[in-house]
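First, the structure itself, so that you have it in front of you.
Chain lettering (A, B, C, D, E and F) follows the sequence in which the chains are written, and residue indices restart at 1 in each chain.
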Amino acid sequence: MTDLPLLSVLIFLPLAGCLLLLPVWNCRVSARPIALGVALIELALAAWLYASWRGLSTIPAQLPGYLLQEDAAWIPAFGIRYTLGLDGISLLMVMLTAFTFCVALTVSWNSITEKTGLFLTLMLVMESGIMGVFLALDLALFYLFWEVMLIPMFFLIGVWGHGRRIYSTIKFFLFTMFGSLLMLLAIVALHLTHAQQTGVATFGLHELLGTQIAPETQLWLFGAFFLAFAIKFPLFPLHTWLPDAHTDAPTAGSVILAGLLLKTGSYGLIRFGYPLFPQAAQTLTPLLYALAVIGIIYASLVAFAQEDMKRLIAYSSIGHMGFVAIGIAAWQPVALSGSIIQMANHGVTTGALFCLVGMLDERAHTRDIRAFGGLWGKIPRYSFFFLFFSLASLGLPGLNNFVGEFLVLVGTMKKAPLVAALAFVGIVLTLVYTVRLVQEVLFQEERQPLPLADLSLREFSLLVVLALLDLWMGVHPAPLLDMIHLPVQLLTGTP
Amino acid sequence: MIVPFEHILVLAGLLFFLGMGGLLAWRANLIMMLVCIEVMLNAVMLVFVAGSARWGNPDGQLFAIFIMALTSAEVSLALAMVVYLHRKKRTVNTDMFSEMKG
Amino acid sequence: MTTADIYAIMPLIILTAGCVLCLLAGSLRPGFYLYPAALAVVGAALLWCVCVPAESVMPGMTVNRFSRASSAFFYATGLVALLMAYGYNRRRGIEGEEYPATLLFALLGMGVTCSASNLLMLFLGLEAFTFAFYILVTIERDSILGGESGLKYLLNGTLSAAVMGMGMALLYAGSGTLKLAELTTVAGIPEPLLQAGIGMILIGLAFKLSLVPAHLWTPDVYQGAPAPVTALLSTASKGAAVVALLLLFPLLQTWQGGHDLLWLLALLSMLTGNLAALLQPGIKRMLAWSSIGQMGYVALAFVAFPAGGDRAALLYVVAYAAAGLAAFGAVSILSDTSERDDIDSYRGLGYRNPLAGAVLALAMFSLAGIPPTAGFMAKFAVFAAALRAGEITLALAGIASALVAVFFYLRIVVVLYMKKPAELSEVRALTVAEILALGIPGATLVLLGVYPQPLLDLLKAILA
Amino acid sequence: MEQTIFYILAAAAVLATVLAITEKHPVHAILFLVTSLFSMATIFYLLMAPLVAAFEVILYAGAIMVLFLFVIMMLDLGHPEKGLAPHWKEWLPAAVLSGISIASLVLVIVSRHAAPAAPAAMPTIREVAVRLFQEHGLAVELISLQLLFALVGALYLGRQAKSGDSK
Amino acid sequence: MTASSVDIALFAAKVGLVFFVILTLAAYLVFAERRILAWVQDRKGPNRVGPFGLLQPLADLIKLLTKEDFLPSAADKWLFYLAPAMAAIPAIMIFAVIPFGAPLTVAGHAVPLVVADLNIGLLFFLALSSIAVYGVAIGGWASNSKYSLLGGIRGLAQLISYELSMGLSLVPIVMLARSFSLTEIVDAQRTIPFIIYQPLAFIIFLISITAECKRIPFDLPEAEGELVAGFHTEYSGMRFGLFFVGEYINIIVLGGLATTLFLGGWHGPLLPPVIWFTLKTLAFAFFFIWMRGTLPRLRYDQLMHLGWKVLTPLALMNILVTAWWLMLKNHM
Amino acid sequence: MCMSVVDDIKALVGGFGVTLRHMLRKPVTIQYPEEKRTPYPRFRARIVLTRDPEGGERCVACYLCSAACPVDCISMQSAEREDGRRYAAWFRINFSRCIFCGLCAEACPTMAIQMTPDYEICTRDIMDLVYEKEDLLIDGCGKDDSYNFYHHAGIGVTQPRGEGMEESRPVDVRSLMP
């Protein structure tokens, strides 16, 4: 099986799945299983990779820490190669991706009634793009996937969204484009510097790692990368697109946006930003800390004031991603591991929360907190999961978020105690708004007589799977930590 | 060469920029605009002929003749358009031709 | 003239014979059968260009790989434009043999331009296809816009011909030769006459490329001309002007002022074009202004000429041509008896006419430079070249304007897919010609965006 | 002798051109331009380009300008001399631009080196003709096609919609 | 007397002579026309003033000079005055390049019997004949009268149209003679006049110059039945006279040109060259008059049809055939 | 097509032939003052007043000619001799107005007014063209030299009116009262 170019299969399988969809473009009933099937195959592949990663790690790779690699000439004229690589971090992300897409497809099983063919196609294309982002080791290739995943999301929000969907989607697209164009310039500049120094025209990450860049230039280039990733992250002043996008996106869009797109930013920072420009990163670390902390506190405060549940969860995402940012900024094995784990955790938890809100929205056609109340009594199964994931989200020990946040705080404590302390304040604030949410929605007496049905079997099984995953990651994160151990050490230079 | 080459150039330049100035000033009358363009093309031909005389090379004269042929083609088409538009709008005043803005 | 020469210029001979026969046949028996005939002629010329590697050096013309490849590009563009014109002209009642014949003549002019080896042929070639466009732009006699824009184009074009002619005259007067090769050897002399000549030629070409500040004709002409004509005008004619610039570039390089002038043109075009496009209510005017901006990127590539800008420029032109053909093709196919120009009238069309909508959206993405489309590769190449040449200011300005551009390109996509359709008129089934006219540029866009290497190899080979 | 003639003709050409572009009435403007063209033709003759001189008169004065005249006569423009002429403000930018351009031109010319001495022999008409058809034969073909299309275009535009020939 | 001053004197004499002869001939051509037309119509024509009426031209001149010079109130004054001169002068200037006799030797100087032996003589002729259009056009336009304007427009269109076929019909001549110089063209016809080789070109040329002279059957610009007197309706006195004389000068000059180009110019047996030339030229003049006596006026569309759809294609075909023939001949 | 061209040429050549033939023909012009044409006897030119075979005036001043004249160029005053014979006291024809149509001659009951072939009546003074009776009257009888009106009709009406046979008295208009 290892003879297969597994990584390419991972990327292009969903695209091939699109072709399968073409004959049943207008037939919703038969298109849905096909798309879900493709996503499940992806998931199976990812699972197989996870199951066999220890075996793979024994096979010596060209690059240290990598499990699988692919390399082929693509556009030699520009020095662009088709280089893919899978290490522990990527594997985690790949698994998250494959899983989140299954979740997203399941949750939108009934809710997407119009233009289903287009919707499923876009989902699969996006899966390809995101897989590519997590696997690419050539900067140009990375950029390509980075942009490719944007377009389907643009359509998802714009076509199937609610509210001011067009405003939101254009805002989302422009913000991201702004960052990525600057990043493109920086990539090219880096490429040219490297070509000048060595005479080799390449965009390969590992060749470029050795480039000597003057500190000032490095600062500029890192700034460009940082901006692009920070927008995706999103860090504090650049976050404004996120609540809009989340609020107006369809449920599947929100799930993917929160579960995956945000992770591409942090992943990019980990994979490219810091390693390529260590000195500049060092210089800018205080900034990152500051932005992250401000983000956490600010987001939590704002979240408290939200009436729209999706908006609230979106702001909570900003806060959670702030922890990831802190972990990256510390650039220290424990904190970084925490960040990476937190990325996965946040993906699962927030994804689940968006699913829950989406389900509620499907039933009540509103997401206003003030419209609900007393759900605990009316739809107990739903309320249970709501409570469960809210607790996970606020970092209840034993559930997954706790692991990530704990590791981040532990790691950061050594390098920047003040930051850790402030971040802790953030956790407390998280507690406040989460409790408010849970209290208002589940336990307050009923405010409006809403005809709400409890979970269907599909929803129930989906949430069960999510909850089990949450629990497992919270209780037994060791295999995951093992998996990312070597790459993190290689990244932070502490073998 | 009967006169210094520079003097011919000055003459050509004067004519060329007179034509260009006229073109800029007469933006209201199609026929006058075309006339001004003719003046400019004449100056071009003068430079070609002067160059031909300077180097004893017939190419310049030929280029001038080609320019003439080209101009006649362009002018005939332009005037056909003027007639066509006039038939539709009863004016050659370009200010009246403002269906498109921006 | 030897047999080899005749073989080498056979595409031009085919086109000449084609357009004359088309006129004759049309006067004997008018009808739309002439379109397939013209299609066959262009196809034959294209095939010959691609398949018969005949090369020769004649007085005034040099047929080599460069000229063969460029003419193949022009003929392919013409082919697509003809395909989309067939149905369009039928619906709009543009009858007569003039359209196909003039189109063939335009292609002939472009073919001559790209194989010219002296200033005379270059000038005549440029003027020939511009002249053909004067007719094509006005071809719709029932529309007052057509006549107006034709006249505007003609006035501007003639002015540019005068300026360019003056430049060539000064070059000739300063050097005594019309041959490009000889001129290049003389041009090194710091002779003000030659420099003035180069500058004026550059300004003349700026008209053809519609670079700011010589762009004023562009929006009106694009709006007034029928969409298939605009498609060809915005792609092939720009391409031919770029080719002419490439042919003249060895001259231009000898003078720093030329570089500075081009720098200014590039900057102004990128900013003005993209900013003005923001304000346009009509799709053709929007595309017109955006094409001004796009040509600014080409100029940027030329500014970075020594750093691989030539290849970037050609790549950009090909990508832009594919996108332009796709966009205007979609416009012409979505137009019925009247042209669908108002952007608002495209609401929801992406679903009612999926292929046309998809291709239009694809073209917009490509123009905005978003991967995986050809536009991205082209922008990538251009910015790479610009950075390599150290033109950081221009590159930043380009990036900024590209970001602005994303906005108005997306507007089209938004309208296509995210707005409720206004009226539910009958949806016309696409004909084979229309599917081809949309499919070819659309496929090119994707193909070039994913795997541009063959084209890059080709460009490298022809530029060597 | 020839020099004097040249300068007189040059002055006449410039004067006639100025009058032509400032004249309000198109017919007068065209006649002034014809005067200018005659001066130019004679200058061409003095510059040993008799062929160009002849064609200047035949084509420019004899065909193109006549075409202008024809169109003006046919269009019935009313009283254009009473119509709008450019205001002096409209001449201002044009004058400034032209002035700058002319000044730079003079600068260019002053700064350039003395032209090399004229070569001995000027090409005869036969040589010019041989060059035309041997060296530039393809150009002749191209321009002839272009003229054909000028005809096609003019006919197409001149034709009345959906009816027979107007001419 | 130095050599150059002799030359100048001879030149001046030539110019004076040509002027005098042409003007006299033109005047007498008017007379001849009236007489010949009279004969055609079985009349006698003017025969009262002087013997056989030979002083009639003088009488006409006196009459024209003494008439009132009339300026229409809405006319464009300067152009109105300019037009007659522009009609007459180019016509007479054409004669400058026509060789009217074999070179003479006077006082040891070789005197070519041509006012100016231009190397582009033929083009000079075409240039001037294209300028002659202005007289008609401006005369018609400046009068500010509808008849004049219509006549002017007709004249413009007609002259431009037939100039084309005229020029094209001359191309084979240039190809045969390999020169634009009329002297050389005449020399090339020393043995065989070109009319033998080029009958078609001759016929086209003949028809075209008839149209260029605005003579019946192509006298639409002054069609008296429709337009009063066409472009010179508003003219009187000597201004009308100039238009009138210009037309007759044109006949003589074009006749002389046809002689030079097709009938071998001054070449001919027995008689002195100048006489031959004069005879041939007058034969053309006679033919014009004869034609006037014979043919009715064409309709406007017939005129255009003849010019564009018959003569021009024929002339083009003729050029092609001649070119092929010359090429084959050179290859044999 | 070919045939039509040949036909055209034939027609043209024929036309030229016709004119050429006419050119060589003797002109039909008569150079008037020197050569004079003899008009036919019934040529209608100058008008005269004739006399009867006895030498008396034929005109009875009946005004018929004057009435018939389309251009009103004849005028006269009638008078009566004591024997009842009527005559014109004066008779005037304005030849500058006369169109020589001959209606007067046709109208004349006495054949007094007749037309002669004498066409040369030009003059430098237009007043000379007003012919009085003495200018008009000739001595001969003109065309019908035996006709004498009064031989047929008798001279005058001598008895008073209303006195004759089958004749009633004329009504007195002044007494016609109702």
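Criterion: a residue touches a chain if its C-beta (ideal position, glycine included) is under 8 Å from a C-beta of that chain, and two chains touch if they have at least 3 such contacts.
From a predicted model like this one, the values you see are computed outputs, not experimental measurements.
J.: How short can a chain-to-chain path be from chain B to chain D, counted in steps between touching chains?
T.: Contact-graph shortest path, chain B to chain D, evaluates to 1.
J.: Can you give me the shortest step count from chain D to chain F, moving only between touching chains?
T.: Graph distance in the chain contact network comes out at 2.
J.: Identify the chain pair joined by the greatest number of C-beta pairs in contact.
T.: Top-ranked chain pair by contact count is B-D.
J.: If you take the mean of the Cα atoms for each chain, which one ends up farthest from chain B?
T.: F
J.: Based on mean C-alpha positions, I'd like to know which chain lies farthest from chain E.
T.: Centre of mass proxy via C-alpha means gives A as farthest from chain E.
J.: Between chain A and chain F, what distance separates the C-alpha centroids? Give it in angstrom.
T.: 129
J.: Rounded to a whole Å, what is the gap between the Cα centroids of chain A and chain E?
T.: So the centroids are 94 Å from each other.
J.: Take the average of all CA coordinates in chain D, do the same for chain E, and state the distance between these two points in whole angstrom.
T.: 27
J.: Find the geometric centre of each of chain B and chain F from their Cα atoms only, then give the gap between the two centres in Å, rounded to an integer.
T.: Taking the mean C-alpha position of each chain, the two centres sit 78 Å apart.
J.: If you look at chain C, which of its residues touch at least two other chains?
T.: 120, 124, 127, 131, 134-135, 138, 141, 147, 193
J.: By residue number and range, which residues of chain D touch two or more other chains?
T.: Answer for chain D, listing residues that touch two or more other chains: 51, 55, 63, 67, 74, 105, 109, 112, 135-136, 139, 143, 146, 149-150, 153, 157.
J.: When you check every pair of chains, which ones turn out to touch?
T.: Taking the chains two at a time, the touching pairs are A-C, B-C, B-D, C-D, D-E, E-F.
J.: Spell out the residues on chain E that touch chain D in their complex, using ranges where they run on.
T.: Residue positions touching the partner: 76, 79, 118-120, 123-124, 126-128, 130-131, 133-134, 137-138, 140-141, 149, 152-153, 156-157, 160, 163, 167, 178, 180, 304.
J.: Which chain D residues qualify as touching chain E in the complex?
T.: For this pair, the touching residues of chain D are 27-28, 31, 34, 41, 50-51, 53-55, 57-58, 61-63, 66-67, 69-70, 73-74, 124-126, 167.
J.: What residues of chain E sit close enough to touch chain F in their complex?
T.: Result: residues 36, 38-44, 290-291, 293-295 of chain E touch chain F.
J.: For chain B, which residues count as touching chain D in their complex?
T.: Listed in rising order, the residues of chain B that touch chain D are 1-11, 13-15, 17-29, 31-32, 34-36, 38-39, 42, 45-46, 49-50, 52-59, 61-62, 64-66, 68-77, 79-84, 86, 92-93.
J.: Please output the residues of chain B touching chain C within their complex, sorted ascending.
T.: Residues 5, 9, 12, 16, 19, 23, 30, 33-34, 37, 40-41, 43-45, 47-48, 50-51, 54-55, 57, 59-60, 62-63, 66-67, 70-71, 73-74, 77-78, 81-82, 84-85, 88-89, 97, 99-100, 102 of chain B touch chain C in their complex.
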